[in-house]
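Provided herewith is a single structure, encoded as structure tokens, for subsequent inquiry.
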Amino acid sequence: MILVLKASATAREIAAICDRIRSLGFAPAVGSAAERVVVSFVGAGPAIEPDLFSALPGVDKILPLRPAYRLASRAAHPADTVIRVGDATIGGGNVAFMAGPCSVENRAQTLEVADALAGLGVKILRGGAFKPRTSPYSFQGLHESGLEILAAVRERTGMAIITEVLAVADVPLVAAYADILQIGTRNMQNYPLLAAVGAQARPVLLKRGMSATVEEWLLAAEYILSQGNGNVMLCERGIRSFDKATRGVFDVSAIPLLKKLTHLPVIGDPSHATGHWDLVAPVAKAAVAAGADGLIIEVHAHPDQALSDGAQSLRPARVAALLTDLRRLTAALDRGLDVRDMGLRLAERSVASAA
Amino acid sequence: MILVLKASATAREIAAICDRIRSLGFAPAVGSAAERVVVSFVGAGPAIEPDLFSALPGVDKILPLRPAYRLASRAAHPADTVIRVGDATIGGGNVAFMAGPCSVENRAQTLEVADALAGLGVKILRGGAFKPRTSPYSFQGLHESGLEILAAVRERTGMAIITEVLAVADVPLVAAYADILQIGTRNMQNYPLLAAVGAQARPVLLKRGMSATVEEWLLAAEYILSQGNGNVMLCERGIRSFDKATRGVFDVSAIPLLKKLTHLPVIGDPSHATGHWDLVAPVAKAAVAAGADGLIIEVHAHPDQALSDGAQSLRPARVAALLTDLRRLTAALDRGLDVRDMGLRLAERSVASAA
Amino acid sequence: MILVLKASATAREIAAICDRIRSLGFAPAVGSAAERVVVSFVGAGPAIEPDLFSALPGVDKILPLRPAYRLASRAAHPADTVIRVGDATIGGGNVAFMAGPCSVENRAQTLEVADALAGLGVKILRGGAFKPRTSPYSFQGLHESGLEILAAVRERTGMAIITEVLAVADVPLVAAYADILQIGTRNMQNYPLLAAVGAQARPVLLKRGMSATVEEWLLAAEYILSQGNGNVMLCERGIRSFDKATRGVFDVSAIPLLKKLTHLPVIGDPSHATGHWDLVAPVAKAAVAAGADGLIIEVHAHPDQALSDGAQSLRPARVAALLTDLRRLTAALDRGLDVRDMGLRLAERSVASAA
Amino acid sequence: MILVLKASATAREIAAICDRIRSLGFAPAVGSAAERVVVSFVGAGPAIEPDLFSALPGVDKILPLRPAYRLASRAAHPADTVIRVGDATIGGGNVAFMAGPCSVENRAQTLEVADALAGLGVKILRGGAFKPRTSPYSFQGLHESGLEILAAVRERTGMAIITEVLAVADVPLVAAYADILQIGTRNMQNYPLLAAVGAQARPVLLKRGMSATVEEWLLAAEYILSQGNGNVMLCERGIRSFDKATRGVFDVSAIPLLKKLTHLPVIGDPSHATGHWDLVAPVAKAAVAAGADGLIIEVHAHPDQALSDGAQSLRPARVAALLTDLRRLTAALDRGLDVRDMGLRLAERSVASAA
């Protein structure tokens, strides 16, 4: 870390700054640049916050030289993190595809959309049993009975399940049913919850906070990683802006930026970002073209009857069309789409039924 | 609620919209305006979300006529909510004053600043024992031993205590020590936590999320109120903007807006909003001039040694000057400043020591 | 337009509202919905602003039914606007490609990069002769001598020229040299300038204001269109956000949204949006995957020596790689890339030199 | 300026960086801090942009040590700029008060509100003759005939006139009629216009761009100052945010920040910031409590009939009440309110009429 002092800094202030650095276990070096005194030190230990120096008299500018996150950093871990869930692979080059309803509303609704998606080769089903809703009077999800429905769908289709967990107390329950735990945008800085999902074994999809910087997001991932769970995915789902023409702004530039900064897979959520079903496919393609490791998309067999997010949900037929487009797109990018080969699968089924 | 249909809406679509309204227990009325079909209903029951109609074919515009919050609404409860904590009063016209360190770092630091503030007549001490920090490597607070220090300070000074609670599991513990529970900006939409503080008896100070709209904020309050705890204060602490010249932007317009929309007291936090101690006093005065029911301000006896937020912490001597200014300011606004009269108090002490 | 009145609206207020509507030349219709009085009218004439009703006593909600822009609207003009400049085509399906230096710094620098780009088949050269700089002490461009250099490049390479115009007084001069006039982000709502470029014949590229909504942007285009110049392109160049990790946020969702709302071509500028050369190619691909009609990209033969925007400028060799990628990408999207076929062109040259 | 190099910087890169610094006329100094090479120089000449170094290989961090604005800087000019217009004084301690209609709609409307304001002692009348409107179909102002009305009002009431100028070509015309020229939020970075108002003698009120940082705003002021016109006021009028509950967010923290950074007077515009007349008075008081040197407020005798901004316009009776409140408020802040003493004035009138 480098501290550039004010032109007016006194010898007493310089000494106090050096003392503070020593008290933290580091060796200060005093030099000068551009007629200013510069005090610096090299930190081998835990990250040192700029905040610890900002109120010291005489300090003008504080320049951290390392990111505050370490486990999430690409510099520290050059190889891509690759997460395997069921027969799906997330990270490492291919494009994962997760889809399903916003909410698990009931068994029939969930089975209908899950069967359709399984028939398209989708390997990972999303669906909310615990729903964080802006109003306390909105539908809050089916809770454990929703998880049971998701488990039944997994049994029937072989799809892995991703679902949101809202409360520390629910982590064991949700982890007992789900293959991937989702942390929603409102909980990106819910640190007890991050610690709780970090202390269990399921992979975690961490949505970006609505107005979180990329650095804050990586530090939120660091909370999970530092508890021992290395299987974290980052999900861009649209940030807040001044324009209400779309629900959020899909920060597509953040995707290649993250691929530089971190080894963790990056997933795009065009449904929440746009809020309109007819913008979902173009933004999904954009996310992949920018380098996303996967997509998570809201799908409903009857969007007009959805209890939540109907306006941004695709019908299964549109998912089929999107998958066709994504196959061509990923091929043109020298990447693969991690969806089951249904021709092969049908052949396998024939073999199985003949046996 | 009023639904304006597309010019192209068909009779079948209109019928389906009416069916949806009936299925929710309301009676649809079909009319027209500006050559469009308009379907409307009057909702007496629980709030109906616009989202339930947004995916119905034929719907163009959705116009809710009531705010989604009800318990928080000024329309439903015209009289100001007044919260009494110790000998302090929050809401109802006077200006409450809460002050203290960002973090409870140790007993000596806390006592020093608490004694200084008590000597100025401050009735409510702030201080964090559980600290939500952006980085997992930052100081996270003293936890229960921090609460014990706060309780000792209360015993010694008579000041009420406000402190943050981060986790549902900690609510009983924190409520056992604190007089007011604080929900921080990162947890404004942590619904299990809101429900937990709503289900206990201590008053709650609810900080605005960094990018929460006023409506989302009031709905977060509604989560607490709907659990039975009516003693909720709203705390404006700066919102996110594009400019990093200050830590946040203090949304001063939100104060008079909230005074129209809700009966809940509104507190201003100029310390977090600005991030710089020398901007705190002007913004504190601005908050009061705009109608805030109180202030919460970070104070440290030695800001240069603070473990967190030193740069935005006032020294006690500056708090004394601010209180002098606020006395004159509130008088000019025909309001009072809810701080103990230390002249009187010293006189009482003399009497007590003579007895 | 539909006006929903307050529950408390009086007969006198309703009458005044109807009078106001009549005074604007429309026929008010009074009805009711959800126990509210609703006053509406159908406007055949010029757009009526909601603002004209917002201060009328008794008015609660104002619902415009048509966008305030008309000439820019897809509803009014379903077919794509296609703009031809030299041998380049913008709009109508293919992907146009404009590239060049931020600033025209001198003849040698401009020729070097222009020759490299012409050699790659690029049809449109960008380059600034009038530079809007945040600081008055920054390089402001070569002005007319910069335009002369651009004209010389056009003569030599056959590329069309796009360059920015900053001042009404310079419009004739710039239009005399340039093939496309660029209006920069800072001037999106400089209405005299919009009117001036609307009153001349060159196509106009209109960059989005840093915090302009999509509607404000389309209304800015309407200023140009309403002066008689129908050849307007919209350029997304990144909007302002709270995160400084990238220079702006490339609002990729705005691309498919604009393709719905308007017939005007939409161009993506990943250079200004990201501010970092190594994020340019991924975001360029994302823009195309989302449906952009073209790209505009900053290129410099020696970015380290650039007088402006060096950090976000690609070297020509990277442009070559990007074009290769875009050829494959556009093919996978059933679109074409509007770049000269250099194989063919070299063959033509051989023929020409033999003749 | 201090450049911190990457850990991987080579001797060749260091040499190239030093060469670049020398080529700009400065002497590079090479040192080290925290195991990094640091290259620095002291710039005595014109401001050097960080951008000139950002693309140089080996550069990691760039640390400018001086603000890019100089004439606007408080460091360079410690004393407050005080601007005198008619018998009004702006800057230097007192609170100036400008009020009037959004638009000059006609003679009768303007006279009615001007007479009312003059009767309250208001010294400066605002009123728009050239209106920048988001839609080309909105009322654009009366242009020169509007200026004539304003001049007639000045003749009759003795009030000074502030009015907006939109176009370089109109600067001489507007300056011939107005006492203060206003640059609107959309034109904050219209550099030719800034230069034009900088090259004439009237004081200028420079509104902050809707998403301009404080630094960008001061640099816009620098464009005016560097043309020789030192009489510039800065007007905070609300910045863009994610919340549409108010028209903008009044950045009250920017007021004390600007008082530190610059010697120029700072004016608050609570009308445009809030968009609602009933929020204007609280935010006006907040601006003054935060240290603003003045206010500019929209007033209309009949807001329901206003052609623009009716919803945010105060009636004269409410201005009277606000002035009464501001008198008490400024007294409590040991400041004065720069409004004519109407008691005295009436007495003078009696004397005059007796003479």
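In this document, chain identifiers A, B, C and D correspond to the written order of the chains, with residue numbering beginning at 1 in each.
One rule holds for everything that comes next: contacts are C-beta pairs under 8 Å (C-beta built on N, C-alpha and C of every residue); 3 or more make two chains touch, one makes a residue touch a chain.
Here the structure is a predicted model, which is why all the values come from computation and not from measurement.
Set against one another, A-C and B-C show the most C-beta pairs in contact at A-C. Distance between Cα centroids is largest for the pairing of chain B with C.
One finds 29 Å separating the Cα centroids of chain C and chain D.
If each chain is reduced to the centroid of its CA atoms, chain B and chain C end up 42 Å from each other. Between the Cα centres of chain A and chain C there is a gap of 32 Å. Those residues of chain C in touch with two or more other chains are numbered 211, 240-242, 244. On chain A, the positions that touch chain B within their shared complex are 16, 46-47, 49, 51-52, 54-57, 68-69, 132-138, 166-169, 186-187, 189-193, 210-211, 216, 219, 222-223, 226, 240, 277, 303-304, 306-311, 313. Across the complex, chain C is touched by residues 1-2, 4, 29, 31-36, 38, 40-42, 60-61, 63, 65, 211, 240-242, 244 of chain B. Chain contact summary for the complex, chain C toward chain A: residues 211, 213-215, 238-239, 241-246, 249-257, 260, 270, 273-274, 276, 278-279, 282-283, 285-291, 325, 328-329, 331-333.
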